[in-house]
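In the two complexes below, subunit A is the common chain; its partner is subunit B in one and subunit C in the other.
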Partner chain A sequence: MNAVLTLIAKDLRIEARNRQTLGLVMVLGILIITVLGLGLGTQNNVNGFSATAVLWVAYLFSGVLCFEKTMAVERNDAVLSALLMAPIDRGVIYLAKLLGNLVLILAVAAVVTPAGVLFFGFDLSAAPITFAGVMALSILGFAAIGTLFAAMVSSSRLQGGLLAMMIFPITLPLVLVSTQLMMRTFRDGLPVSAASVGVLVAFDLIFLTVSWLVFEWVLEP
Partner chain B sequence: MCRQCKQTLAWLITTMLFFAIAIALVAGYVPTEATMGPIQKIFYLHLPVAIATFVACLICFAASVGYALQRDMKWDRLASAAARVSVVFCSVVLLTGMIWGKSAWGQWWTWSPRLTFSLVLWLLYVVYVMVRASVESPQRRAIIAAVYGIIAFLDVPLVYLSVRLMPDIHPASVELAGSMKLTLIAWFGPVFMLMFGLIALRFRIDQRAAELEKVESEPITAPGQMTWAGGAGSAL
Partner chain C sequence: MTQTQVQSSPRMSTPVDAAIELLDISKSIDERAILRSVTATIPSGQFVTILGANGTGKSTLLKILSTLIPPSSGELRLFGQTATATSVDLRRRIALIGHQSMLYRDLSARENLELFAKLYGVANPTARAQQMLNVIGLSARSSDPVRNFSRGMIQRVAIARALVHNPDLLLADEPFAGLDAPSIDALEHLLAQLHEAGKTIVLVNHDIEQSLRIAEHAIVLRGGRVVVDQPTHRLYEREILSEVR
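Entry: the complex of A and B
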């Protein structure tokens, strides 16, 4: 636990000092929302609830950039080799990276979501807690997969585009479930069904466990 | 002709023969469906290929787990072969499904659960093939592909559960007359033979390529002839 905290503190301290990732990712998120808003919003063919889809596009792209950046920090000056030599379980490194990514992506979501809600006239007042809960569960699953694949891609010095290509198809169930849930809640006024939240929880549990188990295979200095 | 070539040829001819029988059954034996007309006959290809796709994905998953546990390149080659075949088969499922959809529902594509499911499955395995192509080191490629192969397959039931939240127009179960059942069973044979055969063929080709690479990387020395390094080693 101590090791996890030390590692997160290290990542966040680096981020606090150079403020590269967060600023970049937030601006990217807002840009994506603006582009989609200009493309769709001006023609008034976007209903309030399709804001979820718009938000997802912003989360996905800025998330991928987040994951890439947090692993790239370890690439500099061969820090990863030092990290791998430390007497800690590799699973601990995964947990620390995951939590660091979550902090970043939630910070991005905290800026991008209000922007999306504002631009698209999405009325959250009906069920703000449902919205936050569903999005938090989805983002957790997204970060679980993203952290693993970012380590994999970064360890193999692959091109950046590949990370997005690997993460997007895997996270499609999250996008699907959360957009369907939002439509039910905000358009039809139906209560959230346990089965659909179950899919989100199952996704999170399966991929957190699997990523934690296989993380040590993919790391390579 | 070598033994493997004979086997391949025998497999090819048998598969073709079974396909001929299956096509003959569709063309001459099975009655045309009342509401949909002749286009319904595409179903005899569609369903077996869809199930063969799943089997190929399952093989890819099993081989990925095998590689992760044993680190034997054979597993990696098997996983790669199965993934390629599942992409091809899944493309056939999507195309035949779209032809069906155009005549049954009047649209090439609708975001109905099973169509979405097939599309996501196709995307998952196309990415698998793409990822393999972009990693150079064979060992890294194998482990990355194995991890992706495991995660992609675990994603499949989640995709299935999530698409069920969407409104559906795809037939869930189909009532079939006796002759239709027989024709359907007749189609399973050649489709599965083709699937297993293509995987085996791809696997053998990759196996041969790896052997060739190994031979080429070894220094050429005639038996009994001493290389300088060998001579120095034995003298010490």
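Entry: the complex of A and C
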């Protein structure tokens, strides 16, 4: 646990110092919201279902950039080799990277979501905590997958495009389940069922467990 | 670098114990054979240089020794134990200095050293980082980000990072590359001190004359095979040159 905290503190310290990832990712998220807003028209209020879909577009693209940037920190100057040689389980490196990514994506979501609410006039007042909870669970699964594939792709020359191509299809179940949940909540006025949340939790657990188990096999010095 | 306070290895074995045993190691990458049936034994406390032309597998061999990559076949034994990527306790006894710095460029020298001291479970990481900064003579600039350092200074921090956990086995992949003459002298001096302290050193180097001067044993690779495995006092530069061409 100490090693996880040490690595998270390192990642956050680097980010606080150069502000490269968070700054870029936030700008990208807001740009996506703006472009979608201009494209879809900002006069019509958008219900929770559409709001979730619009926000997912921003989260997905911002997330991919975030995963790439945070893994690039380890690739620069071959510092990953030093990390891999440290006497720590490689699952520790995964957990630290995942939690660091999660902090950054949630920070982006905390800015992009209100921007979307303002831009589109989303009315989330009916169930704001449900919205936040469902999106947080979905983002956890997204970060679990993104962290794993960013490590895998970082040793490839294709990077950006390849990472998006790999992550988006695998994340699709999370996107579908969360948008369906939001549709039930905001359009139909139905409460979120425990079974639906259970599906999200199950996805998260599967993604987290598999990613943690295979992480050491995908890391190449 | 200032006079170092190199610690003798508390786990130092008797000179006849093998620090490294390469047992019929082969490595292929993308179906291309890089190493072919490499067998060699390096006793604890020996200073060995690995020589060979470009592409003969020197760096690959070092990566295998550092457990960063597995061999395609054969067995690597370090300090009497079979070494794999999951050999966490063995990794505690190894250090690698590579072509690249292996340092976080946005962290300061002190932060880098403290980070790796913590990851290696070094008691009092702050004090150890300060001790290593004194050794490499960079205490005055310990708070500067590494990216602001010259190549020579970065290499000094990289060496301190590698030694922060007082390893028994130091693997160095062309550590002299890009250094100026004073830095080369200082690094040679440091390696000599580490050798005197009982550390096992494996040095990959392009400068044959320098390697034969500072190391006590040479392994020469050609086409991924060991063609020379001799004490350096029995070898001449001309002899090595004929093998590496």
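Criterion: the second predicted complex is superposed on the first by the 210 of 221 C-alpha atoms of A that agree within 3 Å, B and C clash if a C-alpha of one lies under 4 Å from a C-alpha of the other, contacts with A are read in each partner's own complex, and residues count from 1 in each chain.
The working rule: contacts are C-beta pairs under 8 Å (C-beta built on N, C-alpha and C of every residue); 3 or more make two chains touch, one makes a residue touch a chain.
Just so it is clear, the structure is predicted and the values come from calculations on it, not from any experiment.
Within the superposed three-chain model, A:Asn18 lies in touch with subunit C and out of touch with subunit B [touch as defined at top].
By the touch criterion defined above, A:Ala3 reaches subunit C but does not reach subunit B. Looking at the shared chain after the overlay, A:Phe207 reaches subunit B, while subunit C stays out of its contact range. Using the contact criterion defined above for the overlaid structures, shared-chain residue A:Ile170 touches subunit B, although it does not reach subunit C. In the superposed model, A:Val218 lies in contact with subunit B only, and not with subunit C.
Counting contacts by the rule stated earlier, no residue of subunit A appears in both its interface with subunit B and its interface with subunit C. Those residues of subunit C that touch subunit A in the complex are listed here as 63, 66-69, 85-86, 88-89, 91-92, 94-96, 98-107, 111, 115-116, 118-121, 145, 161.
In the complex of the two chains, the subunit A residues touching subunit B come out as 145, 148-149, 152, 155-156, 158-159, 162, 165-166, 169-170, 172-174, 176-177, 180-181, 195-196, 199, 202-203, 206-207, 210, 214, 217-218, 220. Those residues of subunit A whose C-beta lies close enough to touch subunit C in the complex are 2-3, 6-7, 10, 13-14, 17-18, 73, 76-79, 81-90, 216, 221. For subunit B in complex with subunit A, the residues that touch the partner chain are 68, 116, 120, 123-124, 127, 130-131, 134-135, 137, 140, 143-144, 146-148, 150-152, 154-155, 158-159, 161-163, 165-166.
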